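Note that the chains take the letters A, B, C and D in the order they are written out, and that residue 1 is the start of every chain.
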Amino acid sequence: MKLTSQAKGTFAIAPTPFHDDGRLDDGSIDRLSDFYRDAGCNGITVLGIMGEAPKLDGEEALGVATRFIKSAKDMQIIVGVSAPGFAAMRSLARGAMDAGAAGVMIAPVPSLRTDDQITTYFRQAIEAIGDDIPWVLQDYPLTLSVVMTPAVIRRIVVDSPSCVMLKHEDWPGLEKISALRGFQKDGSLRPLSILTGNGGLFLDFEMERGADGAMTGYAFPDMLVDVVRLSKSGQRDAAHDLFDAHLPLVRYEQQQGVGLAVRKYVLKRRGAIASDAQRKPGSSLSAIARAEVDYLLTRLARTDKRANLSIQLRAV
Amino acid sequence: MKLTSQAKGTFAIAPTPFHDDGRLDDGSIDRLSDFYRDAGCNGITVLGIMGEAPKLDGEEALGVATRFIKSAKDMQIIVGVSAPGFAAMRSLARGAMDAGAAGVMIAPVPSLRTDDQITTYFRQAIEAIGDDIPWVLQDYPLTLSVVMTPAVIRRIVVDSPSCVMLKHEDWPGLEKISALRGFQKDGSLRPLSILTGNGGLFLDFEMERGADGAMTGYAFPDMLVDVVRLSKSGQRDAAHDLFDAHLPLVRYEQQQGVGLAVRKYVLKRRGAIASDAQRKPGSSLSAIARAEVDYLLTRLARTDKRANLSIQLRAV
Amino acid sequence: MKLTSQAKGTFAIAPTPFHDDGRLDDGSIDRLSDFYRDAGCNGITVLGIMGEAPKLDGEEALGVATRFIKSAKDMQIIVGVSAPGFAAMRSLARGAMDAGAAGVMIAPVPSLRTDDQITTYFRQAIEAIGDDIPWVLQDYPLTLSVVMTPAVIRRIVVDSPSCVMLKHEDWPGLEKISALRGFQKDGSLRPLSILTGNGGLFLDFEMERGADGAMTGYAFPDMLVDVVRLSKSGQRDAAHDLFDAHLPLVRYEQQQGVGLAVRKYVLKRRGAIASDAQRKPGSSLSAIARAEVDYLLTRLARTDKRANLSIQLRAV
Amino acid sequence: MKLTSQAKGTFAIAPTPFHDDGRLDDGSIDRLSDFYRDAGCNGITVLGIMGEAPKLDGEEALGVATRFIKSAKDMQIIVGVSAPGFAAMRSLARGAMDAGAAGVMIAPVPSLRTDDQITTYFRQAIEAIGDDIPWVLQDYPLTLSVVMTPAVIRRIVVDSPSCVMLKHEDWPGLEKISALRGFQKDGSLRPLSILTGNGGLFLDFEMERGADGAMTGYAFPDMLVDVVRLSKSGQRDAAHDLFDAHLPLVRYEQQQGVGLAVRKYVLKRRGAIASDAQRKPGSSLSAIARAEVDYLLTRLARTDKRANLSIQLRAV
């Protein structure tokens, strides 16, 4: 089923699982899919920045996407197709859609500066991949150094009918969500799904500002799913209570560079992947960092029963 | 009393208080000093990045430093003297020391790239201000885009006997603290005070990695003081419990740009400053953002009695 | 006389002359003024990026501007007032105008990214210095990393009636001149003086695209004056012949960082300043680089008689 | 024949020729090879930054490299294999060497900052592609924003026996060549070929500083060949005379972004490629820019007979 602007809930940003020697681990792709489904996710986004996408060659990338699509069953798969050039972007986008992806995600190249450069880039990108593919606009200034105002996002969305979702991870970005929802109220912007990233660090308030859900890779997607649900049903305090219990770990996982090592380590402890190896150049956890994560997990288990269970069962 | 490498505890990063019309508010400087002393701070750092230092002209900057020095009494005052050129840096540094400052703080200019450029810059800076002034090296790559390895920091410290402290706010920076403490164990680095910034977002683990304390401007310096104390006395769980209770607000205040508006708003609610105005170009809080902060304060008051008291008494 | 949008001809970007020990050299300021007047310049721009402005403290900056104003006589003086904050910008701008400056020049701060951030910055800057001061907008993306489209420049100019001139040094920037002149033809932009920088590297074609003259610091301002004159009077081949004769040196002087050392060295050889010292952190010429410049001067003297004369007379 | 540290002369940076509709133009690859051979080039570097390499997908890139290798005959082919990840870099590097390339060229990824990050990156890159492939280190800070000191370049070269050449295009970079040659004199650096880029803008003095030749894509490689030869045989004035005659066009072609459009336009006028089309996002020449290039060609033809001939014969 193709992605639409009605999408909501939680889309997990999946890491790409490798064996310890750097080969792709297809078995762990299947395990990850089961893990996300069990957590209640609505979809999975693969080959994002935290999916080590640039470390795969073209063939490997399509292979990973295809494997996720097969094991995802009823969950929707969004495939990151950001690339330095449009030829590679087109190859992967069309290949992924042929394999059954729900849509693709595109981030701007880091060299873009002016409003016009940004809107032109996305117009050309959609010309390249074709306007029949539903796509997600990724707005991630902290890492990409490209700053899009709400008005620029509106221009991109208005110009491209196939743009159905914003992956929002500006930081700080709460006012941006409010501004975009305001555009919709005043009729200048059509419906658009907004899912939020940034490792979940502001998910509590992002939901209250009008986000439709989460798209991030925090190693407890079950928390994301529940916070989204609680927030949507108006249980504000309960949503914050659950969120706050996880915040120390969310914060720890949100460290640039080493964050992916934390995430893969916890996913491995939870049994979702077999190895926490990254391809080079990658980050890794020192013994003391690992002990810090373990300490945070122990503290978390006191308040979140599900965390407790999963960690106990698979203790290293 | 001059700053030494034995410094520890909590140094508050003070905002610069303005009247609503942008004039400097000397009365609030005195109030802030009392507020930080009551919270148990050991010192105050003025004219830092969050002190809107670049918005003051040379005369105003020295005036602010001098006023803080007078009202600080037994607390040590560190004066940020970072400047695009050495003439202005020297003027302010010597003026501040003459007025009774304990030391100065210097950040690298953003254009520095290579290891040699960085070490040369600090060598020339110390030649300019004189080697008789104790100084703090500010390491803040996220904002300044200058990346210093532990080995580069060691070179700077070894080259400059008057460097007595590192203001650590690399992110992620836990391994950097461990590396520097490791240099000291292997004898390649002399004693150096390490106080940590980043709004306190990693203070819990930074203390465990070997930091001597906090140097940041979170609007509840009382929490910083207590976490530092609890951590030093080995009460790990208690330190984390207190820290975690504040983390939702710490995180909210740590948003780039709007963070200072949050901080000044809370300081105003706590009675520490009369106005939360910033000089242009500045950030401000929308009504909804203000309500979010109020909600976080309400939640905080449930767990931290002191927060409760101070907020109740001065409710807006 | 105040600067207007009718300004044209050559405005020299003056270096700030220092004694060998780094003190300001007032005598050389007077000599420079005479040198630029003899070369046929219409004005002088002081305290620009190549004027080592950030290395002066506030008092020194105003002193340099004032001295230039006194010795300039009938030439107009534009004072660079770019600063990290508006308080310092205002102090210098108002002080310089009181001392008799014709106008001021403002560059954007490097952190600006979006179109709105840029236009807001200049609006606030003009609020700060007052709208009664004629000002020059500096567009220099290579060094400042701020990219302004022609449409953004138009917005700034239309918003601020006191903006009378563009210092154009985008690179490549020829199409930008054509676009702005096109805006004027279609009536969407009022008259605006455009003087071009970039060390003169594209002056030949910039004039043909519609520039009103040069604003740069090449050590042979006499060439700039003549190329501007020849180009305006339609003597295309003659303009290019003269320009091409100087291009090898123009190119050599246009090296980032070391360029100022080249420029000051040639100005010293031509007798315009007493010392080619820069304040730290500065660049300097190796013996081999100095010999390369000497070789270029020798070659230049074969084709440009005036160069010949001035170099012969003051040979080191 | 594999590339060695004895390489010298001129290696042309080849553009990738496309048909007007964006398809690869194999026929023009053959024509380009003939053109460079006739000009006296010793080799060709393909898939560099000015070869629009990121716009090709993996299969296309290998196809282009292979076609050049076939048509190059006795000229050596160096293949640019820079990539965001090592998997793609390895695929292309091994594929190109299997097809008969002489070596590969690697540029650093733009995120690298510290000396250690840079040396680690190249160590990992060589682990990935294998240490049996002769490779060229590309040093291009202006575009890549990675700054390598001479000492860092030495560390990379000393660490990797398969590094045989530096593509030097720091700007300004003359002192860097002298520093590296100085390392060799003092015995701390083994033999290393240094070819220089930057569009040839400093080739005259780069040769005198010790470069072994040129590696750049200026549309008159015949000039590069002759300047290298004249300079090596000690005919200093003759080398500069020829260089200076071309400098106005060299300078015009060296404009960021639009430079490739100029280069392809001149190559088309000279009959070396059938179309000057670029893949999107690309640059193009306005009518007035094209007329400016034509004017420069006319002026050039007056002094350089070979330019005259080739342009006359194939006038558009």
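Here, a residue touches a chain if its C-beta (ideal position, glycine included) is under 8 Å from a C-beta of that chain, and two chains touch if they have at least 3 such contacts.
Note that the structure is a prediction, hence the values are computed from the model and not measured.
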Exercise for the section: Report, in degrees rounded to the nearest 5, the angle of the rotation taking chain B onto chain D when the C-alpha atoms are fitted. Expected result: 180
Practice task
Find the geometric centre of each of chain A and chain C from their Cα atoms only, then give the gap between the two centres in Å, rounded to an integer.
Solution key: 48
Fill in the blank from the handout: Chain centres from averaged Cα atoms put chain B and chain C apart, in whole Å, by 39
Fill in the blank from the handout: chain C and chain D have mean C-alpha positions lying a whole-number Å distance apart equal to 33
Problem - Sequence positions of chain A contacting 2 or more other chains - result: none
Handout entry: Pairwise touch network: line, ring, star, complete, or other
Key = complete
Practice task
Sort out for me which residues of chain A touch chain D in the complex.
Solution key: 52, 54-60, 83-88, 90-91, 110, 120-121, 124, 127-128, 279-281
Problem - Touching residues on chain A, where the partner in the complex is chain B - result: 171-172, 174-175, 178, 201-202, 204-205, 208-209, 240, 243-244, 247-248, 251-252, 255-259, 286, 288-289, 292, 299
Practice task
Would you tell me which residues of chain C are touching chain A in their complex?
Solution key: 113-117, 147-149, 151-152
